[in-house]
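As written, the chain order gives the labels A, B, C, D and E, with residue 1 at the start of each chain.
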Amino acid sequence: MANRPHLDSLNLAPGKKARLYRLLYETGPANGTLMILPIDQGLEHGPRDFFDAPESQDPHFQFRIAVEGRFSAIACQIGLAEKYYPAYAGKIPLILKLNGKTEIPSDEAPLSPQIASVEDAVRLGADAVGYTLYVGSSRQDEDFQQFRRIREEADRYGMPVVVWSYPRGAAIEAKGGKDTIYAVDYAARVAQELGADVIKLNVPKVDPEKLKMAPKAYQRDWTPEEALKQVIQSAGNSLVIFAGGERGAGASALEKAEACMKAGATGLIFGRNVWQRPFSEAMELSRSIHEMLERYA
Amino acid sequence: MANRPHLDSLNLAPGKKARLYRLLYETGPANGTLMILPIDQGLEHGPRDFFDAPESQDPHFQFRIAVEGRFSAIACQIGLAEKYYPAYAGKIPLILKLNGKTEIPSDEAPLSPQIASVEDAVRLGADAVGYTLYVGSSRQDEDFQQFRRIREEADRYGMPVVVWSYPRGAAIEAKGGKDTIYAVDYAARVAQELGADVIKLNVPKVDPEKLKMAPKAYQRDWTPEEALKQVIQSAGNSLVIFAGGERGAGASALEKAEACMKAGATGLIFGRNVWQRPFSEAMELSRSIHEMLERYA
Amino acid sequence: MANRPHLDSLNLAPGKKARLYRLLYETGPANGTLMILPIDQGLEHGPRDFFDAPESQDPHFQFRIAVEGRFSAIACQIGLAEKYYPAYAGKIPLILKLNGKTEIPSDEAPLSPQIASVEDAVRLGADAVGYTLYVGSSRQDEDFQQFRRIREEADRYGMPVVVWSYPRGAAIEAKGGKDTIYAVDYAARVAQELGADVIKLNVPKVDPEKLKMAPKAYQRDWTPEEALKQVIQSAGNSLVIFAGGERGAGASALEKAEACMKAGATGLIFGRNVWQRPFSEAMELSRSIHEMLERYA
Amino acid sequence: MANRPHLDSLNLAPGKKARLYRLLYETGPANGTLMILPIDQGLEHGPRDFFDAPESQDPHFQFRIAVEGRFSAIACQIGLAEKYYPAYAGKIPLILKLNGKTEIPSDEAPLSPQIASVEDAVRLGADAVGYTLYVGSSRQDEDFQQFRRIREEADRYGMPVVVWSYPRGAAIEAKGGKDTIYAVDYAARVAQELGADVIKLNVPKVDPEKLKMAPKAYQRDWTPEEALKQVIQSAGNSLVIFAGGERGAGASALEKAEACMKAGATGLIFGRNVWQRPFSEAMELSRSIHEMLERYA
Amino acid sequence: MANRPHLDSLNLAPGKKARLYRLLYETGPANGTLMILPIDQGLEHGPRDFFDAPESQDPHFQFRIAVEGRFSAIACQIGLAEKYYPAYAGKIPLILKLNGKTEIPSDEAPLSPQIASVEDAVRLGADAVGYTLYVGSSRQDEDFQQFRRIREEADRYGMPVVVWSYPRGAAIEAKGGKDTIYAVDYAARVAQELGADVIKLNVPKVDPEKLKMAPKAYQRDWTPEEALKQVIQSAGNSLVIFAGGERGAGASALEKAEACMKAGATGLIFGRNVWQRPFSEAMELSRSIHEMLERYA
């Protein structure tokens, strides 16, 4: 079983350390792992994500799951943070996402524009901010510059930065797409180089056909375990969390999640897979995640 | 009959609450509903909108209708606010629109540029600011960033933000156009996610042919009532107001408006349908709206 | 004879009122009308405009005409204002133009960049600032945002804003060109909506062929008088001044100018038609304009 | 012999006047004329300009020529100003160029980006700043806005602004190119309109074939003298200096330079023609220029 | 053997001099030469650069090499500087790179966006900042403006600026590519003109076929020695360091490096060639570099 970086070894400034300590040791599993519930899909995909689970249209649903399912934090955009979080403040830490976009226009050269600031996060009592970086987009120059201003503001306020590091855009497609070990691996390193404290990655998919389009150095057989370890390695001293993905069978999702933890991940981010279920099922899945994470203290 | 969010449940900062309270309980119907008169068409469409009702060319006409028709507020751009509103200040609240554009150049990738600031609104004694968001435009990154700066300034001053949330642009056209339930629904959620306090929507049109171009999740039969409820639901803890549209038969417009209120809307925004009539007719229609809204306290 | 707005009815802030009062009642005709001499053609068209009247190459020529011809103000760019105006300060009010461009590159998507600030105008003792707005240009978003910053600065300093409101660009050409009643009318309204205190318009040309390309609402017969009244009406509570155009027969220019005044204009802006003549002829024409304007107190 | 503007007639602010006085009356010919040595070709053309005169690769060479050849000032970019000027400070005034570019990418739509600030110039004890304006470029809007910020900063610090006013770009080519009397004449006026204190022009070339592509007003026979007088006239109350061009025969360069002075120029800017020679030859040419300029006090 | 500029002759401000003194005389060879270890390839090339030397994936590896191999400084991006440098602070000076990009999108018009600031460098105790300039890119205007802001901030804080000056982009390709003596020579001069204190260059490659595409002045036979001297000459009063390139045979790399020193370089930057080896081999190579540099005090 791989080691994950310990908070004490990350050389974090006191504000960042105090806030991450809260997420890692005072809420959720509280054993140094993370279990985060994101509710940003309404902006990224539109309300269609809520259609199979009608309760989920009301953001209170996700906030209740986060509190009663004992998550480490809930991650959402400024609108929900201002209108819903006040009722739950103190009961569940907040990760304020600072940028976002709709899926409507073309994704050839994506850029996720800033829609809130670190100062908003401080004002709302958030314990971290989130940023979506589109690694490989031809607009990386704007993305990096935008991220820099946020990273600097976060350094000033001692606010941890969680980077959703996503390979995207035409050049990524030409090199095998967003799910190859090459793409995810590069995304992990870029987030580390730019100053992420926590990096959210998608689990790389092992698809030999697509991998052929990637650079030569990646041309070998990868087991899923090796792939996971590689991308976690590339994140270095940044904590890695993996997505639970769309709603699937609970058991297989848990297996996949456990593989991530085994490979050295610090935690999990379970969104649709949790809240696209009825409340009681969501609680059940949350409990299972808790049980599993207890084994990775 | 659907519930609409109550001001007390919105977790608003005191400045926003005090100002929205004025609009909801001290002017217009004063029963928690909104009845807003917009006069921004001179910029958006040009003077042609005034041609069938010559009196309407003089902005005093709309200001008089707003005052004598006992509207909750009048919404206009900075030019009219500075040159006409002084004579009516105190008699009718002002919603200062902060961006706008002409219809002359192509609407393929629309962006409505900022032409006034929240500080202008504070200086003029406005009770809210208005912002037009073009959801789905390929320039959404500029739009969201522009909105962010305004939203932050509004948070600083406790100024409510009304978002005219309009699906627009080539990608929206390719997915069925600006009037599908898909497009309006996404627009409602985006405005909520970005931090709108009040969202102005157009009534979705149920057109099966166009809906076929929208994402699969929307592929079902929608009654007009279901469509209205859906988009209001997607606005969450933001108040929703619907447009009365162009001048049509008074009765049918009222029926349509009442359907909105029944579905859970907080209010209505009646522009051309009111002021493209002679003054006495406009007063008559205003009275009818009042009577109807009284039933939705 | 149409009414023009009176200074007292414009709800202007004290600084704007004091400065416009000077232009309207203390210099030039001093009877509430305006008679302005612009010398911005050196930038907009280049020196070629001076070739038929060699004296006009020296900016002192225009400054002398403005002073001795008893104009209400001279309008020029920062370069002439800094290098020539000092010798005439006190003798003739200054309208400092804040943006401008050459005619050399394509005019498909025009934008007139800012080259001076309201603060420059304050420092130089100007009584107003000028801004050229290209209504209908596909770069209207940049134009409106640039204008906003200037308008806000002008509000802060109590500085009147004169907008040269010009329909321009490919979309305007496609709808009949810059001289149709449609184009000029829309331009007038846009300037009003954005916060102009004074609007400079070109006299609309009645050309049925071109008008056919404009929106339906404009498809009717317009007399020149109706067209003038319409565009003045669309300027609302902003004062309207019309251009005297290029040098033509003095008499016909005066007739055209008087038609503008009859229709409700507040004043005239005579540039090339005045200074493309020898000094004595220019004085003569100035006197004729004075005589005419005396009839429109 | 034409008159050139006298410093006292330029209405300059005290800081600008004091600094220009130094350049005009305390260094170089010190008789009201200017003799400037530019060393900005390393950036604009690359090191190739130094290849025929190997000593010229070392910037000390040009600084020594400027000092020992008794020039009025040396003009260079920030890098040389910071690394070489300290050794010569006090012995030769500095004109700090504030923008520049390489010749490597296409010149279709040129823009010379800012690489230093007026504040840098103040800090380094410079007596003027230099700015290259590409008149006619389709990026004139960015150029003018960039120049405005510099001009305003220069006004704040009382720092004279020397504009290298160059017609450039595709539209200029389509109208006969950068050397026609039309192009240079327009460039002179633009620099004046934007607020230049000193304007550097290239000597217009009289080429009837190219002139045919220029606007009609310029379609006449021009003697070289007339052309020079015309462009100086168009610079108005801004002082004009002309380039000595590439290294040619000393005598013909002096003749050409003297023609400029006769036509009313205030001075000369001799770069490659001076420093592409061995030191002793450069001194000789400098002396000849001095002798000639003495005749134009 | 060529001379290299001495720190005392560079006219540096005290802060820059104190910090460069540390790099030149207190760490590394400490004899006035530089020996720098860069670890920025994870961002520029992605993790693939680490694949042949698995230990190198962990940034501690490079930091240890820098410390134990007695380098003058380590150069890295903000992410590694914040997460790894604290453990080594005091033991090895830091050069904080301020911009960077991935290699994923097209390199036709490259621009390396800013991802950290001089203030970050000050906060972290760095002794210099690094900037990658893409000389010849069609986006040179953005690059120069971005560099200017950084250079000004560095001047304010007395922070030395190391410019990685790389010829790049379509126009460079059209003129023979990034490795010709023409391209490297121009890059050296540009960095000097813009204000670099230290310039990192790649060793020019002598390839007659490619050189044919360069400007005429470069059309001659160049020995490798002449080429090196030329580009060092073009860097003037800026110190030059050369790259050791990818991992090759140790001996040939040392020969190449010594040729640079002989030609007048101030130092070397050895990255992959050092850390793509096992630790003991890396130490051995470091010692060899030290020995060689001792001969160039």
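The working rule: a contact is a pair of C-beta atoms (placed from the backbone, for glycine too) under 8 Å apart; a residue touches a chain by one contact, two chains touch by 3 or more.
All of these numbers come straight from a predicted model, not from anything done at the bench.
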Starting at chain A, fewest touch steps before arriving at chain D: 2
Shared chain contacts [chain B and chain C, defined touch]: none
Fitted rotation between chain D and its twin chain E in degrees, CA, nearest 5: 70
Euclidean distance of C-alpha centroids - chain A vs chain C, Å: 57
Whole-Å separation of chain centres (CA-atom averages), chain A against chain B: 35
Shared-contact residues (touching 2 or more other chains) in chain D: none
Residue ranges of chain B touching chain C (in the complex, touch as defined): 40, 42-43, 46-48, 51, 57-59, 77-80, 82-87, 100-102, 104-106, 111-117, 119-120, 123
Residues of chain C defined as touching chain B within the complex: 10-11, 135-138, 140-145, 147-148, 151-152, 155, 167, 169-172, 175, 182, 185-186, 188-196, 215, 217-218, 230, 233-234, 236-238
